[in-house]
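Pasting a structure below so you can have a look.
Chain lettering (A, B, C and D) follows the sequence in which the chains are written, and residue indices restart at 1 in each chain.
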Amino acid sequence: ACGSSESGGSGSTDEEASGDEQLTIGISLPSATHGWMGALIDSAEKQAKALKESEGIDYVMTNAEDPNTQANDVDDLIAQEVDVIVMLPIESAALSPVGQKIKDAGIPLVIVDRELENDAATVVVKGDNEGIGVNAGKYFVEQLNGEGKIVEITGPPSSVTEQRGSGFKEAVASESGMEIIASQSGDFSTEKSLEVMQNILQANPEIDAVFTQDDGMALGVLQAIKEAGRTDIQFVTGAGGAKGVFEDIQNDGLMKATFLYSPTMVEDAVKIAGDIAKGEEPAEAMVVKEATQVTKENVDEYYDPESKF
Amino acid sequence: MKSRMSWLWSEYSVIIAFVIIYIGASAMNPRFLDMNNQLNILMQVSIIGIIALGMTVVMLSGGIDLSVGSVLALAGVVSVLALNASGSIWIGVLTALLVGSFAGFLNGLMVAKGRIASFIATLGMMAGARSIALYIAEGGSVSGEVSGFTAIANSDFWIFDFPVIIFFVMAVLIYVLMHKTRFGRYVYALGSNEKAAMLSAIRVDRIKIGVYTLIGTLVGIAAVIETSRLNSISSSSSGAQYELDAIAAVIIGGTRMTGGRGKIIGTIFGILILGILNNMMNLMNVSPHLQGFVKGLIIIIAVVFQKRE
Amino acid sequence: MKSRMSWLWSEYSVIIAFVIIYIGASAMNPRFLDMNNQLNILMQVSIIGIIALGMTVVMLSGGIDLSVGSVLALAGVVSVLALNASGSIWIGVLTALLVGSFAGFLNGLMVAKGRIASFIATLGMMAGARSIALYIAEGGSVSGEVSGFTAIANSDFWIFDFPVIIFFVMAVLIYVLMHKTRFGRYVYALGSNEKAAMLSAIRVDRIKIGVYTLIGTLVGIAAVIETSRLNSISSSSSGAQYELDAIAAVIIGGTRMTGGRGKIIGTIFGILILGILNNMMNLMNVSPHLQGFVKGLIIIIAVVFQKRE
Amino acid sequence: MASHPFVAMNTIEKSFNGVPVLKKVTLEVEKGEIHALLGENGAGKSTLMNILGGVHQPDNGQIFINGEEVKMADPHVSQAQGISFIHQELNMVGDLRVYENMFLGSEIRNKIGFLNVEEMCRQTREILAELGVTINPKEYVRNLATSYKQLIEISKALLHKSQLIIMDEPTTSLAEHEVSRLFVLMKNLKKSGVSIIYISHKLKEIQEVCDRYTVLRDGQLVKTDVMENENLEVITKLMVGKSISQERYVHGHEFGEVALEVEGLTSAGLFKDINFSVRQGQIVGFTGLAGDGRTELFESLFGYRKKYSGIVKVKGKPVKINHPRKALQAGMGYVPKDRKENAIIKDLSVIHNMSLSSMGNFERLGFIQGKKEQQKFQTYKEALNIKVHNPRITIDKLSGGNQQKVIIAKWLEAETDILIFDNPTQGIDVGAKQEIYQQILMLAEFGKAIIILSSEAPEVMRICHDINVMYHGEITARFTGEEASEEEIMHYATGAKREGEKIG
């Protein structure tokens, strides 16, 4: 498995290492500060547990609040001589040297969600943050016929927010009639978005549609619009693929579309990591989870009543 | 006359700061004065407001409670589970209150009997309660399945939303508790001079436990409102950083960090100032990147205006 | 002999707690004692460790500094920009130190001259500095483009990483400052009895400004290490919650929340305890949702062990 | 004489919150004199000195040092003018060591700027030796008894080699022999040309060391004159407006049942094998030197300290007291010493301090009746002659003596059968002292059992039926009030004599 590792039995009394080769996946994720990440962590752990049961592959999981702590976590994983590492970098730039370090240690690396700036990753499983913005932008242009007043509810400042926002702005800028009249942060939180949307509704008597960067926030926005009894708003879109949003789409609510960015992408990453640990060559070096547009037409394909997210 | 003014200033400078900010906000944005907007602001501050009332009591006693946000999430998650399991709204509400007050009671025990600095005891509770909430909800959010539950936070009474009424009632109750009962008197005494309070035959430990249990109960109430408002609660993001807003409101309201001095009325105006600030930043569409700066600046200015010792 | 022991206990109970945790960790996981792992832990605590040294001084003076994480991000962002613009590593480093100490100086001014409670003054700075960092870096992260810059944090000296050496040198410097110079003496006096210090004709205001400037400078140093380690800094996530870890280390180290009493040595062991905890949770694969619980619990136990007054 | 007085304060005026505290007060102090500043509690003595020391700014008036006008903007300026100030309230930094406190603000440093600990310790030891105290200079001040803290404050002022030392009630917690040492020192200082302003409520001391005196009353200058041949009665009359007798107060009257009985009370390192009993209507005194453990003894009895063994019986019933609340329920009240730390709640109003230990008396249906509190306070204000304009202001605005009276009122309101007073007249003027003594006597006549702790032998001799003397945590002698003499008490208090068999 870990063929490139030369430190086989370097005096350590680790019984697992001395006996038959125990395979281990190291997983380094950010901490659960919002719903999507909470769901992702949960998916990762479930998948890792499943692998442990079916294949006997062990796993170690770490969570970090900031890039430096994540670098520390990865150091710990390298020190434990895990066979493969799955990492969701908090910041691409900051974790790129860390990826290099993993590569230098001869450990295969599976990157989830956010790409590194170098080629340290063996496999990348990513969603398409920019795609979310671009696809949403296209949808807006189409639905509003190139003319309308739009409100944007962003995530807290971060590269994800940046990518989704700039994709959206680019796509919308193609039409001169489209105007983003307010752009405020809902912190990836339903309650905060509710509050922020209330205030935005107050400031803007005329709104045509609302773009939110996350389904959790979209739910707050829906509530605010409902409470204010506003009828000028034609639709709201989200991102991610949360159960509550799917249900609203199914029920012909104000929610008309969302763009897939499922936290379950980490399951693929963990599975791939398991395969790599067993010595298999990964089938492809890049797995892109399309930011598929989910609307009334195709929502039933994606709806899972058991989902936690 | 002059001494009257200076008395007013020294006792209620926060009210003057409030009036200035209020006038400023009216001048900057005509929509601010809109009746709906005013009611929105009241609604938006009610949850943190209820917590800030409890925080005032804790800080008057010379302590601090950093765990409010996490305990809110935990109480919310557990109460939704109880609600769904029992189908009874009363059981759901009661569970939230019980979880909140029990967490508070534990904080009180640690501070009073364990002699742990309140900062560290409640920091531990903050990590612990969040952790348990995440564990129970598997990192995701849980939604109520009992119809009628959402009515708690979404009903009106005359023009006021129900949460605003609850906030108001709680404010009156806590005011009476602090100024008309011996509990309140003892809290002030304890915060001012713990040893002298003890030598005055006050059971300091019980008062401390009472203080933390009280804020825990208030957090439980806040959890009910928050959960009922959106019929769901997120184990990861709900309540995040509530402690900072609550503490800021208390200090803006003129309560001394070290205890013994301060007023419930001050806290109410403190929380209103924060509410107006958030509202104005959304109304004015201030860049999310700069909102922290504006908010920090105005908080500091409001505090500078206050009487110094 | 017995009194010797009780003296040791009362003065250095944190060391005993450290030894217990250390032995516990060794027993639970044989990999813990691995030389590499030990060096990793040292490296991992060095950044927060440097900040915690400054926090000890601030807390001894009776204050608190919540802004360290945000100031670290701001200093990092600005220094990377200066580095890239000038191409000179020295200018980059100097900029970080200047930004850090200037932010600290402002904190000191607010506390000493503005008579603002340190909690609120630095809370304002926390919001403000983060905000400016986000604004400058447009919410994203900035990366160094000057080769050689990463060498600062990634070089070794004998077996020790360079950041560890810096931490060690800083610890010695701060120790000398606090115990061999009158600045240190005045800090203790001020934290213990501000009025008495003032009546002894100590210029209390200057000492306060000095204290906050000192921690600001240390945060600047930490920013250099953090930035250089990953060759980039994130305006949104870098430094998140560093204040809580630093404060926890100081309190675990036995410094009194209200100032006047405590030791630099204690803080060093406090930060080591936190480092071992994080390391162990990664080694033992504690469920990510439960890590907060375990950490909170052990911090509280470590503090309970300490001498009570 | 053409030359100027060393210090001259001219027509100083000062008011706090619109209440005038000093009204055109003038004070002159010559070089090398000890000048007594006298007056009732709240007369404005400390305020006048705070103005001289740069702590407060006067509303009007000038200060001249050697004939030159000086603006005392802050303590720094005052110190630079050669003025040291021993404040009425102790201003020690508890978390620093003795020598660190002593040199705080004027540390000795070596060539590279590091603190010269050895030199500072040496000088500390030296100066303390002059006052006859041996304390380890490296001991933390928080571990010291109050009297030592006060001696350190004094030493600190001596260290500065000042030209004027202001002593605001420096002897409140000093024992007799410590006071006499201080006086020797003061006289030596005087010889070397140092001036001293001396504030005290102990008039005997004043007569012993002072050259001139100035009396203030209600913020106004009453008289300045030379001390020699002046009758104490006259000065007292100037201060309080009436004459005060120095006679023994207490009369024999019938005692009731035994109210409090203590058998074999022991706490490791603090006190051992304490036996005594107090009857209803009896006043029992405990005296001794600093560190004799009497404070710890009664803090234990009152439940503040929990680690002790022995039997405590209240009205014949054994009680287990592990919290002050239990003591209150058993019928004990306790007026602690060092009121700033132990008694007053400085953020509560005067009225609320009064009612704090007996909230039940003011409650109806669980709510506090503010009016009732106020009425009750009015009666105490008259009975104890508490001087306060507005009882809703916080208690820290009152002068020390009036604060003490409020604390006594607090325990009177609690209506306990047993009352323990620890240093009840600390820092209290002669007039108020007499009022407090009379209150105590009246309480005894009502049948309360009273215990008085005091380091002043004359005090216990004047008001106690029985006197216990303590030494190193043990009761070494027991006298009746009539048979006691100051000299005898001193013998037992210093351990020169002990009377084992009589105490049992």
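One rule holds for everything that comes next: a contact is a pair of C-beta atoms (placed from the backbone, for glycine too) under 8 Å apart; a residue touches a chain by one contact, two chains touch by 3 or more.
Predicted model only: the values in this text are computed from it and were never measured.
In terms of C-beta pairs in contact, the better-connected of the chain pairs A-C and C-D is A-C.
Measuring from the averaged C-alpha position of chain A to that of chain C gives a distance of 32 Å. Centroids of chain B and chain D (each the mean of its C-alpha atoms) stand 44 Å apart. As a whole-number value, the distance joining the C-alpha centres of chain A and chain D reads 70 Å. Of all residues in chain B, those touching 2 or more other chains are 134, 138-139, 288-289, 291, listed in ascending order. Chain contacts: chain A has residues 32, 41-42, 156-157 touching two or more partner chains. Touching of two or more other chains is recorded for no residue of chain D.
With chains as nodes and touching pairs as edges, the resulting graph is of another kind, matching none of line, ring, star or complete.
Contact between chains, as defined at the top, is found for A-B, A-C, B-C, B-D, C-D. Taken together, the chain D residues at the contact with chain B in this complex read 17-18, 302, 304, 323-325, 327-328, 334, 336, 341-348, 352, 356-357, 359, 363, 366-368, 410, 414.
Here chain B touches chain A in the complex through residues 29, 31, 34, 36-37, 40, 43-44, 134, 137-141, 143, 154, 226, 229-230, 232, 234-238, 240, 278-279, 282-285, 288-289, 291, going by the rule given at the top. In the complex of the two chains, the chain B residues touching chain D come out as 3, 176, 180-182, 185, 188-189, 191-193, 195-203, 260-261.
Contact residues of chain A toward chain C in the complex are 12-14, 29, 31-32, 41-42, 45, 58-63, 65-69, 71-73, 75-77, 79-80, 90-98, 117, 156-159, 161-162. Against chain B, in their complex, chain A makes its touches with residues 32-35, 37-42, 154, 156-157, 181-185, 187-191, 194-196, 198-200, 202-203, 216, 219-220, 223, 227-228, 244, 308-309.
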